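Going by the order they are written in, the chains are A, B and C; count residues from 1 in each one.
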Amino acid sequence: MIKKSLLKRLSLVLAGTILLGTVAGCSKSTSTSKGSSDEPVTLKLALWGEGDYKYLTETNNLTEAYKKDHPNVTIEIEHIAPKEYDNTMKIRNTANQLPDVFPIRQAQLSLYGDVMVPLNDLKATENNLYAKETMIKGNVIGIPQAAFNEFVFYNKNIFKEYNLQVPTTWDEFLKVCQTIKDGKKYIPLLLGGSDGWPDYPFNEYMPMLEAGDGQYYNKMATMDEPFTKGQPFYNAYEKIQKLYDAKVCGDDPLGYGWDQERAMFVAGKGAMMAAGSWYKDDYDQNGGKDEDLGVFLLPTRNTKSDPFYTTAMTEFFWGIPKTCKNQKEAKEFLEWFFGGDYYAQMVGSLKQKPTVKGVKYDDKFFAQAFKGIDAKPVTIFYDDAYNKIMNAMKFDVKGIGQQMMGGQTSLDSIMNDLNAQWKKARREVTNK
Amino acid sequence: MFKNSKLKAQKNLVLVTFLIIPTILISLFVIYPLIKLIFLSFTDWDGLNTYNYVGLKNFKKIIFDSPEVWSAFKNNGIYFLFHLLFIPIELFLAFLLDNRVRGCKIFKTITFLPYMINGVAVSCMFIFLYSSQGGVLNSMLQYFHLNKVRWLSDPSIVNYSLTAVSLWRFSGVHIILFLAAFQSLPKDMTEAAVIDGANSFQQFQKIVLPNIKPVVEIVLFLNVRGALQVFDIPYVMTGGGPNHASETFAVQTINTAFQYNNFGMASAMAVVLMIIIIVISIIQQKLFNARER
Amino acid sequence: MQGSDKMEAKIESNKKTSFKTIKKKANGWEFLKVLLFVFIAAIVILPMLITLFASFKTLPQIGSESALKPPTTLNLENYKDVIKSSHVFVGLKNSAILVVVSVVINSLLSTMVAYCLTRFNFKLKKVYLAVFLIGMIIPGTVTEISRFGLMVNLHVYDTLLAPILIYAGADLMQIYIYNQFLSQIPISVDESAMMDGASYFTIYWKIIFPMVLPATATLGILKAVDVLNDMYIPFLYMPGANHKTLSTMLFNCIQDPRTSSVPKLSAAAVLVMIPTLAIYFIFQKFIFSDITAGAVKE
């Protein structure tokens, strides 16, 4: 009838599986141990930056370095993929599984107001240049690790070919784009529209640059119709629409994404791309050469006599959740992390602009962008009031950028629509 | 009499021992999250902080005040329609693959290959294929002196491009399932028909089809569910863009939860989606059964 | 006995003659059929070929040359990168455990459930089916939030058991497929076995289970592929570095939009596909063998 050997084989597989299953169930990860300050303590740390993770675990092992000063504390470092980082933290929070110390992304900071321990009294906060600029509900809930500037990276060879100078006003910038476009060889400004986010230096930051205020969006939250003509947002978007209408991002910017944007840039097929200082590392990693690369600050001003604003952003806000069982040790860690040599070495190696007083920042490469320009940095920050409205109306500047690139809707109709939605959302949010 | 009650006891024993583990699994991992989901849909939870009970507010907003939700629903419809149209083709191909074409072993493997590749990797492959900058499809069009097509950036065709990816990925599974169904049929059933001289199509309709009803039913149901829940492909390939043109219901739900920090609303959307799936499945089932007769 | 022998012989000879005539008529038809599948094969293979090529190129090459151009050199940098940065062997081990345990447990559970639901009638049967139905329509990611807390409370967070518990459960599709197979096995088989003194359990284990093996193999492959390719559940429930699976490794490769790249992703995708292909070829034998034919004749 049925092959007996088949039956035997099946039973063996079954037995083997039960065995494997038991083994699987037994393989738990090492858990934290709590206790008084002299008992061994494990601090769980998580972060999203790949470069940072590599530094903390390989280049200059954080666990070992900390053990030298605090022999009873072991630091466990976990890397969580950047795209999923925010979501994962939220999910972990629902089960009180947040790590003991972790960085929060600036965009999410206002959400964590009630979740994190206030760090106002730490020395690390005192010594931080930016910590007090980004307080939530009157508290410092995260200490920023680095500051970033926004730049336009350009291909020096292409600029030389067309005899171009670095633009210092918006019209000059448009002219540079047009000249390269007329040459029909290269794409003037690479912009991976299909991914949405690459248009952020324009669609997200330019209203702030136009207003000269990094907290402009928060101001908008106090207005009923901030998208009217003559207001900074409208003016900025008028400029952006001109840029997109000039079709200088390739014949179909919505047809390629970030990945291709940087592939083409490093292959020399495009002249410029807008990104933050974090991009330099990627350029180097993918075969880009320093002698071909130049940077300048995105000039959004109308004339040379207008002030030149540029965005500065602080990121990587290190904090401690209220559910942490080792708050004393976690606070000690933060003091050590920001207070000593380790921090200086780390930001030096990662080429990040430090936020701690007295730590030197030496990067010749980006200095070229600031030469000859009296750049006024505006620090970006989104507060709770703005976030509430944004969530209520699903305000998505980057998506609007995509719409503008498509060129099918007039700017006025987009702005009017935004006004209507904003007003409605404001009512909704303030009526709660 | 004695044997009957012994049999009954045995039957109950088997039922209990066989079904207890699946029941526990399902209660824990399906029922409990479902109840929690329904509960959350009546709140305004933002994912991190405390929540308030808001009654039917979320549902009202979804049904009456969210045009974007219903345009996303239209996109889901495109997936549904095309997959539905493909089902007869899949049936036919599976039928051929059941030893009725030369080299069917190799072709069986090839048919199944698309499903074996990781879903996200597939999406990335196709992004590359569809790209306007050096993408393969556009290069081929240019080779024939035709205009480039904005596969993923033209709002009016992006959904069709994405549906094509979905068809590429999942048709193979349907074919394999149908094939398995054909294998379940005793060989003399189809052989008898061959002898009687019935041509392939008649043989198929009158003999084979009624006997694989369970599989066809489940494939139809999977289609409804798959089309309404489609998430990976649009999310990875276009993020729902350009400017929300290719958003599906599920993409919006996730964005509502994580990007716009409104888990309560997202839960309500999930509940609405489930109800829609059930309703459409029931309608589909009734139509299918009616056609049978 | 003799009658059926004669019948068989007649069928055989009939088959041969009708087959011959069919062969002569259908050569054109046969050719078309093969052509159809070759066309399908081309559509299937093209994107995969591009990925394969891309896995051997560098980022500037992707940016400058056509995707269809085969790589000029077999550049293994991307593969080396992926293997170095992502604990491939740990991933392989964990994925293997997940797949084997989940598939075996799942096959048992689903055949058991299908057996109960098709061969027996009991009061809560419709309710049970409805529950499975609901299980299938609950949308994934939003429910993870609810499930997460549960996993933590069960103390299986960050163990291999967490995903296994989710994967091992039977789902409606499997029940329907088994139903398909079971409906082709007449009750008379069960009954004659019972006459011989077999218990329900024996019928299940010695008759039903082996006879639906092609279904089990098919569904097993589908389950194995699902488990191997599923990224989100292992990512969410097993954050520990020693618990990385092949799919989370792939997940990492595409995650940081700022540093991931097409070549690296292609290499990772190819690597992850290899075990899947291996499993497929092993299971294939079971699907397409003639176990059913032999048993039914008894």
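One rule holds for everything that comes next: a contact is a pair of C-beta atoms (placed from the backbone, for glycine too) under 8 Å apart; a residue touches a chain by one contact, two chains touch by 3 or more.
Since we're looking at a predicted model, the values are computed, not measured.
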Most widely separated chain from chain C, with each centre as the mean of CA atoms: A
Chain closest to the assembly centre - both centres taken as Cα means: B
Chains linked by the largest number of contacting C-beta pairs: B-C
Computed distance of Cα centres, chain C from chain B, in Å: 16
Intercentroid distance (Cα basis), chain B paired with chain A, Å: 35
Distance between the centres, which are taken as Cα means, of chain C and chain A, whole angstrom: 39
Where chain A touches two or more other chains at once, by residue number: 94, 195, 260, 264
Where chain B touches two or more other chains at once, by residue number: 47, 134-135
Chain C residues counted as touching two or more neighbouring chains: 63-64, 145, 251, 262
Chain C-touching residues of chain A, taken from the complex the two chains share: 1-2, 6-7, 10, 13-14, 16-17, 20-21, 23-25, 27-29, 48, 50, 78, 80-84, 88, 91-92, 94-97, 195, 197, 258-260, 262-269, 278-279, 281-282, 285-287
Residues of chain B that touch chain C when the two form their complex: 10-11, 14-15, 18-19, 21-22, 25-26, 28-34, 36-37, 40, 47, 93, 96, 100-103, 105, 107-122, 124-126, 128-129, 134-136, 139, 168, 172-173, 176-177, 179-181, 183-187, 191, 194-195, 197, 211-212, 214-215, 217-218, 221-222, 225, 229, 231, 250, 253-254, 257, 263, 266-267, 270, 273-274, 277-278
Chain C - residues contacting chain B, complex: 11, 14-15, 18, 30, 33-34, 36-37, 40-41, 43-48, 50-51, 54, 63-68, 109, 112-113, 115-116, 120, 122, 128, 131-143, 145-147, 150, 154, 165-166, 168-170, 172-173, 176-177, 179-181, 183-184, 199-201, 204, 214-215, 218, 221-222, 225, 228-229, 231, 247, 250-251, 254, 262, 265-266, 268-269, 272-273, 276-277, 280, 284, 287-288, 292-293, 296
Of chain A, residues touching chain B in the complex: 86-87, 90, 93-94, 111-115, 193-196, 250-257, 260, 264, 387, 390-391, 394, 396, 399-400, 402-403, 405-406, 408
In the complex, chain C residues that touch chain A: 58-64, 97-98, 100-101, 104-105, 108, 144-145, 148-149, 151-153, 155-161, 164, 206-207, 209-210, 235-236, 239-243, 251-252, 255-262, 295, 298
